[in-house]
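Two complexes are shown next, each including chain A; its partner changes from chain B in the first to chain C in the second.
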Partner chain A sequence: MKLDYLVFAWAATVLVEKANPRAQRSHSDASFTNLSDVDLTSMKDSVDLGDGADGLREYEQKRAAGRRDGREASELRALKVEQDFLEQCDGSSRLACGGTVVMAAVYGPIECPLKAQLSDRAIVRVDVKGASSTVSRSSKWLEKYFRESFEPVIATGMFPRSAIVIALQVMQDDGSVLATGINAGMMALVDAVVPLRSIVCASSVAMNSNHTLVLDPTQAEQGEAVVHATFAFESGGGLVSCKTWGFFEDERSFSNAASIAEQAAGKVQAFLQIASNRKVNESHSI
Partner chain B sequence: MPSTGFLLKVEEGLAVFPGDPVAKVLEAQEGSAPSLVRLGPGVRRDGDAILTMKPGLVRVQAERSKIWVESAGRRYVPALEDMVIGVVVDRHGEGYRVDIGSYEAAQLGSLSFEGATKRNRPYLNPGALVYARVVSCDKVMEPEISCIQPGSSKSWVSGESLFGELTGGGQLIKVSLASARGLLKPSCAVLNALGEALPKGFECVIGTNGRVWVRASTPADTVIVVTAIRMAEVGTLGPDANKTIRSLVNSKSI
Partner chain C sequence: MEVKVFERVHPREYFNLFSEKGIRPDGRSLTGSRKTAVRVGSIRTALGSAMVKCGSTTMLCGTTAKVINPTGAKVEFAPIDVNVELLPLCSAKYRPGRKPEESYHLQELVAQHVRRLVQPSSLELEFEDMMWSLSLDIYCLEDDGNMDDATLLVAMAALKDTRLPEILSSEEGYHVTKSRTRTVDFRELIVPVSFGVVDSRVVVDPDSSEEALCESKVTIFVDEKGSFRGLSKSGGSVTSKDLLSTCSKLAVQRAPALFSQLSN
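And now, the complex of A and B:
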């Protein structure tokens, strides 16, 4: 089947003020000490420097978030998705979010062994394979987390005594692998034409040592974060699942993180919708 | 919740994503005749909104107030009155277990053949192919198929009945569900072109479950038909199907 390939780079909405009003300017980046001494806000009021001042201001804001790849605090990495490239399974997808790539394959509804059958609905089984091939306790926990994120939206009541199997393979891990896994798995479910009540999309938020909430952290940002969390939202609204590593200092920072993640999840869903609609419109029929 | 009313805001042929609202059902106004709103595959009702459950194109049949989503998938889910090709898996006292591609094998009664009696009924071995009709597909039990065509008086013995065992060789191939639907249309370009191009003709049985059985007078012709169907499925037949198929027929390599 034809490959569908879509590249998207999302511009940020400036949510950094909402998250932390103090994070407008910071002098934490030592390699640019020359510019940090300049007070940009006073310059803007007195002299109109045209595009240069806007660029500098934008640069200052990005520096304020202090991210290595120069993204703003609420900026997603570039998303790429590919569908329907595996022959043996009913649906497949490969989603890349910056350097994190997860491949998903869906089989279903298929025959289920008698012992595992449920009389009134289909069972949902998730198999997760990380970059290394060993099976660990954490991979078993991951399977449970993914299953609990997918199961609420799959119309399992339509196929009693059957199984819907979702196989996730982490190809590359550069942070936010849980969120990318959920998004990839959901895209594969759509590709397999499994009936879904709505769509679940996820994104991660981390709080770095500057107390700035950053969206879609990389592996390095996750490692040095005070706390990071993955939120999965349903398209009609509503949190489906949430996993946190570390502790949020108070309820306000947690709800700020959740609202940043919800906006980002909405963007991811819009992206998946565009990719799917494009494939539907371009599909060839006999 | 009103079950009669009108469908509003339906765009035929729109590409949809699961969870999209495609229509609203309004209560019938005073003085106008309410119509039953029929929901086909791929849509569900949530209050007075109709939401999609599958990705695909929205289709509407206005005169019957029917709305559904036409989607392309590979996994077959049995629906009533579907005509399917099955492979016999097992034989037991009451009949046969037949694989029709769904997650549960279907039941075919041993007397469910045209004109069959206890003393005079077909004997199917595991691996035999049958063309049958889905007569029951309640989700609480296994689907049931039957080779009886209502209103027909032909007997299974003569081989003239529409349904029954597919004998005499031939090749079974698997196609996508959307391709099977396309092949069933009378205007199907590839089958019409094959009929014109092959001098001795061919026979093909198309199952709604994504299986096609092809039998032609020579093995070479069978290969041509199968190749042409596969090319049509992926879209490499080109704009002039007749020309491509004639070149296939004339090609000495087959």
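And now, the complex of A and C:
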């Protein structure tokens, strides 16, 4: 029990040290425990967007996106996360982003079959099960995408000849499944205390026929979008991966979309860190 | 140590010896692409076909069609199915049996690209509730890196080369004629230009040895007017905005050559 606590505390310090400078304000104080201290909506003021700032301002002005669920164009859906609820695996998480729910389980590092072993590092395997019961072609492609988003941040060099398996199950799909999957997987990796170089958070942006960019689109919004994209950013800032369906009009609309997504990814990361801290604080009190 | 042995044992150091001087082992500059050639119409049994050679990377595509009954709702994306086969003959990476992950990746890449570019109205038939549904069969004959670009080019070229038969209606039913006149129309053409990032250096059109060393891959989509239309980055290390804008500029430079190949 004591060892578990120490390992968790180490994980929490790893997180705090690698904290996004934007989020530092909210948890660099050791006494922070109160969730209401964090004002996620005001976080955007502390971000230096550089060239994207003009685009963001311009897009903020035409915020009346008239979204079905009454959200503003730059508003994320409510995030809910549950951790450590599966017994057999090393780490688990269930992340709900509005109506999109993805469950992730992490086993690792574990024994790896001889044929697949690498001599200098661990292999990362991702298994994705879609919302429907049949194995679809798209879930195979998703496995590659997820693996390429997680692998760079996992310190695989620490576990030669092992495997780290991340199993993702899409419970409900209401848009932005890719982004939610990356966030859920990251949460499960943290829960499993897999050593990570940094945290990757993802968010998606859609552009509808009115040329309005909306953040975190629902299934319906994705369906009617001209183009939608999922971006994954690292905690230090910097694009890890990006996937677009459709084509943007020009470079400017793409960089606007990337700026909006980067903001949102910062908020998601702050949320994930709060959730982790909470969990550590709760085990503190045991 | 012999050069070939050094290349095998220390591939990264071998590549760096060249890239430090601004060139690559095959003699290209860091921003140089391999010779790309597109040939159409080589497969007589298919409704349309194309072959793309990008250096040694060779992709072959054939199109077939069948008539479907869309369920009444307006079709937003053209009904095109894609099948990509990566056989053991094209590279030592692929073993016989289960389809490799790469082929699912290419299938998804091509499908979501062409479905949006082809006009669904050009596939609609004059008869009620009937339209053509196309199938692309793409085979890799040799994998020497940058299959993404070659596969997308071959798919677009094959669709451009596709000639659909006429369908006549008579009392006995529908009758497919031998004449092949109908073309598949595109909303617009958008080409991909792929880059590899090796030790923070951008290389255009990586070959298979360079791909193995890449820390990340970036693909930029460019249209016929030369504008940036999209970016796809498949994981790996973080890339800075400067690096992405460098890629964007290089892509815009490379695109016209690809468009001229496609239009021949």
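To be clear about the criterion, the second predicted complex is superposed on the first by the 220 of 286 C-alpha atoms of A that agree within 3 Å, B and C clash if a C-alpha of one lies under 4 Å from a C-alpha of the other, contacts with A are read in each partner's own complex, and residues count from 1 in each chain.
Everything below uses one rule, namely that contacts are C-beta pairs under 8 Å (C-beta built on N, C-alpha and C of every residue); 3 or more make two chains touch, one makes a residue touch a chain.
Here the structure is a predicted model, which means the values were calculated and not measured.
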Clash-or-fit label for the pair chain B, chain C on chain A: fit
First, second, both or neither for A:Arg68, with chain B first and chain C second: neither
Touching partner for A:Gly246 - first (chain B), second (chain C), both, neither: second
First, second, both or neither for A:Lys115, with chain B first and chain C second: neither
First, second, both or neither for A:Phe254, with chain B first and chain C second: second
Shortest CA-CA distance in Å separating chain B from chain C in the superposed model: 15
Chain B and chain C footprints on chain A, overlapping residues: 236
Chain C contact footprint on chain A (complex, rising order): 50-51, 137-138, 140-141, 143-145, 147-149, 151-152, 227, 229, 232, 234, 236, 238-251, 254
Residues of chain C defined as touching chain A within the complex: 99, 101-102, 104-105, 107-108, 112, 116, 190, 221, 223, 227-241, 244, 248
Residues of chain A touching chain B in the complex: 1, 90, 107-112, 155, 158-163, 190-193, 195-199, 235-236, 272-273, 276-277, 279-281, 283-286
Complex interface listing, chain B residues touching chain A: 15-19, 42, 44, 51, 53-57, 71-75, 77, 103-104, 139-140, 178-179, 182-183, 188-190, 232-235
